[in-house]
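Okay, so chain A shows up in both of these, paired with chain B first and chain C after.
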Partner chain A sequence: MNNYLLKKEDLPAFLKDLNLQCELWAPYTESGIRFFHPYRKGEQPECGRSTRISVKSFFLPRCEEMFQFSPEPDGMNIQANLPENRLVLFGVRPCDARAMRLNARVFLDDPATPHQDPYFGKRRQTTLLVGWGCDRPGAACFCHAVGGSPFGEEGLDALITDLGDNLLLTVGTPEAEKRIKTDQLRTASEEDMAAAERINQASRETLSANFNPENMKIESIVSGDIETLFDLPVWEETASRCLNCGVCTYLCPTCTCFDVLDTGENQSGYQFRCWDSCMFGLFTQHASGHNPRPGKPERIRQRFMHKLRYFPERNGGHAGCVGCGRCVLFCPVNIDIREIAESMAESKTNR
Partner chain B sequence: MNMMNDITEAIRVKAKALLTEKQVDGVLGFTRGTLPQARRPFLAKTPGQAERLCWDAFCLMNLANFLPVPLEGRIAVTAKGCDWRNLVIHHQEGRIDMDRIMVLGIPCTGMIDPEKTGSAIDHMTGTLPGENHGEIVSAEGRLEVERTARLRQACLECEHPTPLSVHDWILDPKKAGASRHPAKGVSMLEIEGPDADLKTPRAIMARLQDMFSACLMCFACRDACPLCYCRECFADIEKSRWISPSPDSGGISDFHLIRAHHIAGRCTGCGACETACPVNIPIRRLARKLNTDMEKATGFQPGLDLDAGPPVCVFKPAFHDIPVRR
Partner chain C sequence: MLNPYEKYPVTIRSVTNETEDKNLKTFELTFLSSEDAGAFTFLPGQFAMLWVPGFGEIPLGIASSPTETNKLLFSVNKIGKVTRRLHQLDPGAILGVRGPFGNGFPWETLKGKHIAIIGGGYAFTTLRASIVYLLDEANRNDFGDLWVLYGAKTAGMLMYRNEIDAWAARDDLEMHISVDRQDTPAWRHHVGLIPTIVTAHLPPADEDAAVILCGPPVMIKFTLQALHEKGYGADQVYLSLENRMKCGIGFCGRCSVGKDCVCKDGPVFSSAEVNLMPNDF
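This part shows the complex of A and B:
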């Protein structure tokens, strides 16, 4: 790992250079919403803030064509569409990057199957994530309560810390060393590192002041009695206002469920997949007409049990949540995963 | 004294009395959520729970969408104009019996659009909404809020901020400063933007598709809408797949166009759809355009008269002027 110092005034040139080598995307605000957009020359990207949609959409697009099929004399001709372009995502929040690491457990390293998802895998290989440390965590942020941190490097190739006049560039992977030109940059001094640590510390203090991480005990949920968790009154209570819309799941960086469909005519066409949500009735609708999760309480329970019980159970205790706060901030009826986690953890204590 | 706090206090006193005297089985209103700007729909069922009810400029959802199902006993609803109008429509359409509802009227001065608080939305640590101005407290400092500049578009265009018939008032409209914002008829031009060449259906369709292009198909607009109560939505019928999510099918605009026609002549423009939308699509505008046409042709305004039928369910000879493409 190497640390370099980049003058803030040199950032535009730095970005311009990155954009020459590969397709560069960064956060910009348009019509009041911050999204990742292709690099804009002469416009300062808005780093260190949450984008409305996470970088998930670069690894698992809302809709993506998987392969084309057409009939052949001997059967079917199948042509896979693997993404080819090399991307750099600049200004990624550490929570989002960590989410991609967790998603890789689902798509690439699932111990239950030797199969790896080629689409997600290819994108992981060809996409460089340059993070921007989170020095202004929001009121809905809680990365510190689910194993993350505002300047965490997990899942990132490089991380930038804003020191005021200068930027500290921490290069973490060989791929980043190769693709980011650092020969003109001076190596960061001990004072620079100390300044970065102070900023990191202040950010962690803000997070803890906003939300006490002790309130979200994932290990208690994982060791809790599963039938007790299943029968908690919180599911019915939450269902009374839940709309069963897909806002939480679609904005969530770690929600990875998708639906696979075919379309075409005369035996030719393509197969595609698109985001799906456990909040929707159709998600579990059987062909027979039976639905094992017939109503809102069952669907809400599934969402939170998956994130806070089943996922950590299978993935070394890591919650399927990185605390980015999008679901909390944008749920139309303020369903808050932190509150639900508290109810789930308490059910253990009561027994 | 802050009028918003007065309304909260009056709601609590009223709800407590109604629940203690068992005049109602529940009082539907709002309670504070986990973020400074978050309010949740809440059904108080005991006098103790009445203490949790609140009222201020962040009570964004439409309460007609949060009645208990099935509706049993009698429920009081703390209703601003749009909540009341949607209750009326539910009654007109036979979905609820208005005798089971007790309307506690509130003259509404409009709700703040959290998106219009700029970057403060991520960092809000408190809100101090007053009657005509207020303050949002965020990590970035205190943001003076001039209410009208921050109101939701739906509230700026609201024609009936105050219910027209109530069982009781939480705040007498004579004492309140509820302002009536004359709604402007929305022409197709406004939907499209002033610069576009909108002469051809193809151009209009292209603009509409562009308007919906950010849509994630999360269906929050439909799910937040008090009028989207179909047991099975056309978008959820899997066997014939009316709405395809395939990238090139135009399924997104199909969904929004069909839905707009389903609420034509019914939509009160409450704006719950736009508030719920995570990507700020101006969903309400299309329904408003259809409503404006409907009103021109039939003189009907949705959700004002308990005894009037929805225009698509009644026929009057005078309706022959409705433009029909042949």
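This part shows the complex of A and C:
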């Protein structure tokens, strides 16, 4: 790992250079909403704050063509459309980057299946993630309660810490070392590192002041009795106001469920996949009409049990949540995963 | 990185109507490439994704046995968008197959054991595969006694009719066929629901016995009770679960029950394993 110092005034040139090598995307605000957009020359990207949609869409796009098919004389021509382009994502929040690492556990590293998802895998290989440390955590942020931290480097190739006049650039992977031009940059001094640590510390203190991580004990949920958790009153209570709109799952960086669909006619067309949601009744409905999760209570229970019990159970205790806060901020009826986690963890002590 | 979403192109060789309501057909498929046919190695109890181009992909238990060389069978109930289209297709139509997926029945564990195969209704497909597999000369001596208990609503709803008659005539397995309701005077087998047939005809459990059980949920529920009364432990009974699937390999998220995915951790689970799952079926 190497630490460099970049003058803030040199950032536009730094970005311009990155964009010359391959497609660069960064956060910009448009109509009041911050999204990742292709690099805009002369416009400062807005780093350090959450984008409405996480970088998930770069690895598992909302909709992507998987195959193209057409008839041919002796059969059928089926072409896989695997992604080709190389990307750099600049200004990624550490929680989002960590989410991609968790998603890789599902798509690439699950010991229970011999298969890997090549669409996700290809994008992981060709996308460089340059993070921006979170020095202004939001009121709904709780990365510190689910194993992350505001300046965490997990899942990032490089991380930037805003020191005021200068930026500290921490280069973490050989790929970043290769693709980011650092020869003009001066190596960071001990004072620079100490300044970065102070900013990191202040951010962690803000997070802890906003939300006490002791309220969200994943290990209590994982070791709790499954039937007790399954029958908690919180599912019915939450379902009574949930609209099943699915916004939590679409905005969630670790929600990776998808649908696979065909379109076309006369044996010609596309097979594509798009985001799906456990909030929708059709998600699990059998062709016979039977539905294992027919109502809102069952679907709500599935979402939170998956993130806070089943995922950690299979993945060494890591919650399937990175605390980005999007579901808390954008739920139209104020459902808060932190409160639900608290009810789930309490079920153990109350029993 | 291999692409597990890639399909082997296949063609329909023949279509057989299985039941009197004409809702269940068996499709025999042939791989367009012999290389693909060689790569598709499976065990009874595994499933595959069958793709009808332009309509979609569905998970189906493989109805043929790996001992039937060059034969790939799926018995399909006409019930949804893809299966309705499939039922309209004639021999020669091009489809795609992905797989095999899932664990299949635990054949290594079952070796040396007496095996009872119990099925009801349309769920008999992977059981057919299992019976053909067990009766194959190369495998029969690896297993002990074999019972087959198969029930359908009426005689006309029994699948694989010629084969079950042939099995019933053999002396190296004990076959009990039953209908819920007798609607033909010529019926010579049992009348009654499968749990009753289990109680009346399956020998009490011994430690070298195992049961493979597939059928509709209500039949499973009462058959498990009947098996329990006979002394079969939950770890001796194997069930094959079904859920909606899109990928078949543990990624799309919809077939999960508790921490398990039916596709990648199953579809076959022991009854003891199912008992540990949350009630989310």
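Just so we're on the same page, the second predicted complex is superposed on the first by the 351 of 351 C-alpha atoms of A that agree within 3 Å, B and C clash if a C-alpha of one lies under 4 Å from a C-alpha of the other, contacts with A are read in each partner's own complex, and residues count from 1 in each chain.
In this text, a residue touches a chain if its C-beta (ideal position, glycine included) is under 8 Å from a C-beta of that chain, and two chains touch if they have at least 3 such contacts.
A quick note: this is a predicted structure, and the numbers were derived from the prediction, not measured.
J.: Using the superposition on chain A, tell me whether chain B and chain C clash or fit.
T.: Overlaying the two structures gives chain B and chain C room side by side.
J.: For A:8, is the partner it touches chain B (first), chain C (second), both, or none of the two (neither)?
T.: Neither: A:8 stays clear of chain B and chain C.
J.: When the two structures are overlaid on chain A, which partner does A:66 contact: first (chain B), second (chain C), both, or neither?
T.: Second partner only.
J.: Touching A:278 in the superposition: chain B (first), chain C (second), both, neither?
T.: A:278 sits against chain C, while chain B stays out of touch.
J.: Just to be sure I read the superposition right, which of the two partners does A:50 touch: chain B = first, chain C = second, or both, or neither?
T.: The answer is first: A:50 touches chain B but not chain C.
J.: Examine A:243 and indicate which partner it touches, taking first as chain B and second as chain C; both and neither are also allowed.
T.: The first partner, chain B, only.
J.: Is A:32 contacted by the first partner chain B, the second partner chain C, both or neither?
T.: first
J.: A:261 in the overlay: touching chain B, chain C, both, or neither? Say first, second, both or neither.
T.: both
J.: Please provide the least distance in Å between a C-alpha atom of chain B and a C-alpha atom of chain C in the combined superposition.
T.: 6 Å.
J.: Please write out, lowest number first, the residues of chain A touched by both chain B and chain C across the two complexes.
T.: The answer is residues 259, 261, 263, 285 of chain A.
J.: Can you name the residues of chain A that touch chain B in the complex?
T.: 31-33, 49-50, 52-53, 62-65, 136, 138-140, 206, 210, 240-241, 243-247, 249-251, 259, 261, 263, 272, 274-275, 277, 280-282, 285, 328-330, 332-334, 336, 338-339
J.: Spell out the residues on chain B that touch chain A in their complex, using ranges where they run on.
T.: Chain B reaches chain A through residues 33-36, 38-43, 60-61, 65-66, 68, 115, 119, 121-125, 139, 216-220, 222-224, 236, 238, 244-247, 249, 272, 275-276, 278-280.
J.: Going by the contact rule at the top, pick out the chain A residues touching chain C in the complex.
T.: Of all residues in chain A, those touching chain C are 66-67, 69, 71, 74-76, 78, 80, 82, 106-107, 110, 112-113, 115-118, 121-122, 226-227, 230, 256-269, 271, 273, 276, 278, 283-288, 292-293, 298, 302, 305-306, 309-310, 313-314.
J.: Could you list, by residue number, the parts of chain C that touch chain A in their complex?
T.: These residues of chain C touch chain A: 1-7, 9, 11, 32, 51-58, 79-81, 83, 94, 96, 242-244, 246-247, 249-254, 256-259, 261, 264-265, 276, 278-281.
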